[in-house]
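Note that chain A is present in both complexes that follow, paired respectively with chain B and with chain C.
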Partner chain A sequence: MVYEQPGSSDEFLNAAYAHFEISYPKFHKMDQLCKLGFLATEILLKGTGHSEKYGETETGLVLSNANSSLDVDLKYAKTIQTGASPALFVYTLPNIVIGEISIRWHFKGENAFFVFKQFDGNFIVKYVNGLFENKLIKNCICGWVDILKEDYRALLFLVETTDSENAMTFTAGNLNQLNQQEHG
Partner chain B sequence: MNVPSFVAGMGIVSAIGSDLRTNLDSLCEKRAGIGTMHWLSSARHRALPVGEVKLSNAELAAITGLSARVPRTALLSCMAAKETLINAGWEKENTLRTGFISANTVGGMDKTENFFKLFSKNTAAGKLADVVHHECGSVTELVADFLGIQHFVSTVSTACSSSANSIFTGARMIRAGMLDYALVGGADALTKFTLNGFNTLMILDKELCKPFDENRQGLNLGEGAAYLLLSSEKGLKQLHKNPVACITGYANANDAFHQTASSPEGTGSFLAMKGAMDKAGLQAKDIDYINLHGTGTQNNDIAEGTAINILFDSGFPKMSSTKAYTGHTLGASGAVEAVFSVLTIQHGIIFPNLRLETPMKEFSFRPVTELLRNQRIQNVLSNSFGFGGNCSSLIFSAA
Partner chain C sequence: MDNLKEKLKVQVIERLNLKDLKPGDIGDDQPLFVEGIGLDSIDALELIVLLQQEYNIKLSNAEDGPRVFHSIRTMADYITANSGAVKVST
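On to the complex of A and B.
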C-alpha cells in the first residue's frame, strides 16, 4: 500500500497527484483515464532511474482496458447540445493515455492500446514478447488502465531483460495471478 | 534489392473535377470547388462551406459499377482507382504482383450515421447492412475485390497524413522487391462525423478558407479520392509506359506535442521534410516547388511555415496550398496533392494559392498566387501533416 484516499475517483486522482508531490501542470487538463495512467506510471518508474537507463525509442508501452475512453466519451456527449467541448473531445480515444505518458517521459518507442472484456495476461505476454523478439524495444511498460465513473483500476508492469530484486518472471500465469490478487 | 518506383498512372475525383483532366483544368483556371452543402444532409452544419464531389451516390455507382448502397468513400475510391489503372494501362490479366494500399479515415461512417439515426430511437430498427462496411479496412477490401487486386491489400489510417503514408508504404514495398505495382492513395467522403469533430475543435472557417493568409480563420472540409500506380522498372516494361515521375523521397515524423495540434515550432513538419530530402539525397536548393499542407488553420500554417522558414532559409522554393480549391479531403488529401505535385512536374506549371490576400507577417516568403507556366520543375515536395503529430513528406522527381 503506497497511498489510500477515500472519496470519488476525481478526488482520489487529484489527491494522489498532490500526495506524490508531482509537478506537471498538464495533469490538470487530462481526462480521468490519462490521470490514472499517468499516476500509475509515475509510481511504477519512481526511483528506477528509467530515463537514464533507456534511450527514447527503447521503451514499449502496451496498455489495455475494458471501457476504452467511455468515461470521457459520456462527459463529452453531454456537452454536444450546449456547445461541444474541445477540451474533452481531444481525450475521446483510449490511446491518448499512451500519448500523455509518452510526452511526460519522452518515450518514442513502440506502443499499442487494446480493448478487452477483461485483463488478458496471455495476450499481453505474447504481444510484448513479440516486441522484444523483433528487437524493437529494450523494456516495456504494460498492463491495464481502466476507468468508468467511480470504478477505476490500473495495474502496470515494467518488463526488463535483466533480473532485479523483487522481480518476477514475465509469464501469463504470473500476470493473471497478480491481477486476481489485486482484485481481491 | 533497391529498385526505384515510378509513377505509371494517376486518377482523381475531387470537388474540382471527376477526373484527372478536369482537375487540371480547374487548377489552371482558378476554379475552386468549395461551396454550399448539396449532397450531404446535415441540418446542424448546413451553413458551412464544403468541398463536395459533384456527384450523387447513385451517379457514382452508375459510373463505377459498384452498388449505390456501399459507403460513399468506397464509391469515390473506386472511381479514382479505376481511372488510375486505365491511365497506366494496367489490366487484370497482368501477371506481375500488384498491391492496393489505400487510406481513409471515415470508412463507412456515412452509412453508419443512417443506421444510428434509426437505431438510437429503437434498438430493433436500422438495417445491419448499413454497418457491415463501417471500418476503414472494409472500404479498401470492397474496392480491391472489385478491381481484382489480390497480391497485397492494406489500409492506412493516420488522420490527415493517411494517404501520404499509403504512397510511401507502396514505394517502400516496390523498393524492397515485394511488389511490382502498388496502387496507392486514399479516399474519404464528407460525413457528419467529421464535420462535427472539426467543428468541436473550432477550426472550421465559416467562410471560404484562406491558407497561409494572415487573417485565416480555419479550414473547409472536402471529400475525394486519388491514386497513383507506382511501378518497378520491370513493371513499366509490361505496361509499355514511360513514367511521368518517380518517387525519390519520403519520411514520417511525430512531434509528440498534442492530440490535434502541431508544435508551434513545427518540429514534426521539419523532421518530415528534412527526412524526405535526406532520403532523396537532395538539398534545400534542389526543391523547385512545395505543395503545402496549408489547411488554413492558425496552428497548421504557423507550424508548417516555421519549419519551412528554417529549412529553406538559404532560398525559398515556389510554394502553394491547393486546399482552397478542394477543401481538406483528410484521408485523401495526401494523394490528391501527390497527384497535383506530379501534374506540376508533368506540365511545368505551378498552381496558385487561392484567396491569399495578406501574407503571414511572421514570414518573408510568399506562396504563389497566380498560375505559373513554363516552369522547369525537377523536384517537388508534398506535405501532409495529421493529428497526433503524424507528419509526412513525399518528394516526386522528374523521371
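On to the complex of A and C.
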C-alpha cells in the first residue's frame, strides 16, 4: 500500500497527485482516465532511473480497459446542450492517456490501446512479446487503466529484458494471477 | 473595468482548470499564451466558448483571436467594446 484516500474518484486522484508531490500543472486539465494512467505510471517508474536507462524510442506503451473513454464521453455529451467543451472533447478517445504519459516521460516508442471486456493477460503477453521479438522496443509499460464514474482501477507492469530484484517472469499466468489478486 | 478583469481571471482559472494559479498570480497585461501563463490551442477554444456563454459575444473573425486573447486586459477591452452593458456581479 503506497497511498489510500477515501472519497470520490476525483477526490482520490487529486489527493494522490498532491500526496506524491508531483508538479505538472497539465494534470489538472486531464480527464479522469488520463489522471489515473498518469499517476499509475508515476508510481511504477518512480525511483527506477527509467529515463536514464532507456532512449526515447525504446519504451513501448500497451494499455487496455473495458470502458474505453466512456467516463469523459458522458461528461462531454452533457456539455453539448449548453456549449460543447473543447477541453473535454480532446479526451474522448481512450488512447489519449498514452499520449499524456508519453508527453510526461518523452516516450516516442510503439504504443497501442485495446478495449476488452476484461483483463486479458494472454493477449498482452503475446502483443508485447511481438514488439520485443521485432526489436521495436527495449522495455514496455503495459496493463490495465479503466475508469467509469466511481469505479476505477489501474494495474500496470514494467517489462524489461534484464533481470532485477523482485521481478517475475512475463507470462500470461503471472499477469492473470496478479490481476486476480489485486482484484480481491 | 477592474471588476471585469478580476472576474475574468476567476473565470479563466476555473474554466481552464488552472488549479495552481490564483487570480492575483495573473497580471492584467501578462501574456496568456506560451511565455506567459502557458495556455495552448485547446485553451484558446475554451476561451472562445467562455466569451459566448458568459458574455454572449461571438468572436466573428478568428484572426482577431491572438489580439483579443493576448491578456486579461485585452479580453476585458474586447468584452467592453462588444457588449452594450456588461453586468459584473461583485
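In the analysis below, the second predicted complex is superposed on the first by the 184 of 184 C-alpha atoms of A that agree within 3 Å, B and C clash if a C-alpha of one lies under 4 Å from a C-alpha of the other, contacts with A are read in each partner's own complex, and residues count from 1 in each chain.
Quick note on the criterion: contacts are C-beta pairs under 8 Å (C-beta built on N, C-alpha and C of every residue); 3 or more make two chains touch, one makes a residue touch a chain.
In this text the structure is predicted, and so the values were computed from the model without any measurement.
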**Report entry** Partner chain in contact with A:F123 - chain B first, chain C second, else both or neither
**Finding:** neither
Requested in this report: Considering only the touch criterion stated at the top, classify A:T82 as touching first (chain B), second (chain C), both, or neither.
Outcome: second
Report task. Considering only touches as defined above, state whether A:S102 meets chain B (first), chain C (second), both or neither. Result -> first
Query raised in the report: Can A:F114 be said to touch chain B (first), chain C (second), both, or neither?
Result: neither
Requested in this report: Classify the contacts of A:V90 with the two partner chains as first (chain B alone), second (chain C alone), both, or neither.
Outcome: both
Report task. Using the superposition on chain A described above, determine whether A:K29 touches chain B (first), chain C (second), both, or neither. Result -> second
Requested in this report: Go through chain A and flag every residue that touches chain B in one model and chain C in the other.
Outcome: 84-86, 90
Report summary line: Per the touch rule above, chain B residues touching chain A in the complex are 196-197, 199-202, 254, 256-260, 388
Report summary line: Contacts from chain A onto chain B in the complex sit at residues 80, 84-86, 89-91, 93, 96, 99, 102-103, 108
Report task. Name, in rising order, each residue of chain C that touches chain A in their complex. Result -> 16-20, 38, 42-43, 45-46, 49, 52-53
Requested in this report: Could you please specify the touching residues of chain A with respect to chain C in the complex?
Outcome: 25, 28-29, 82-87, 90
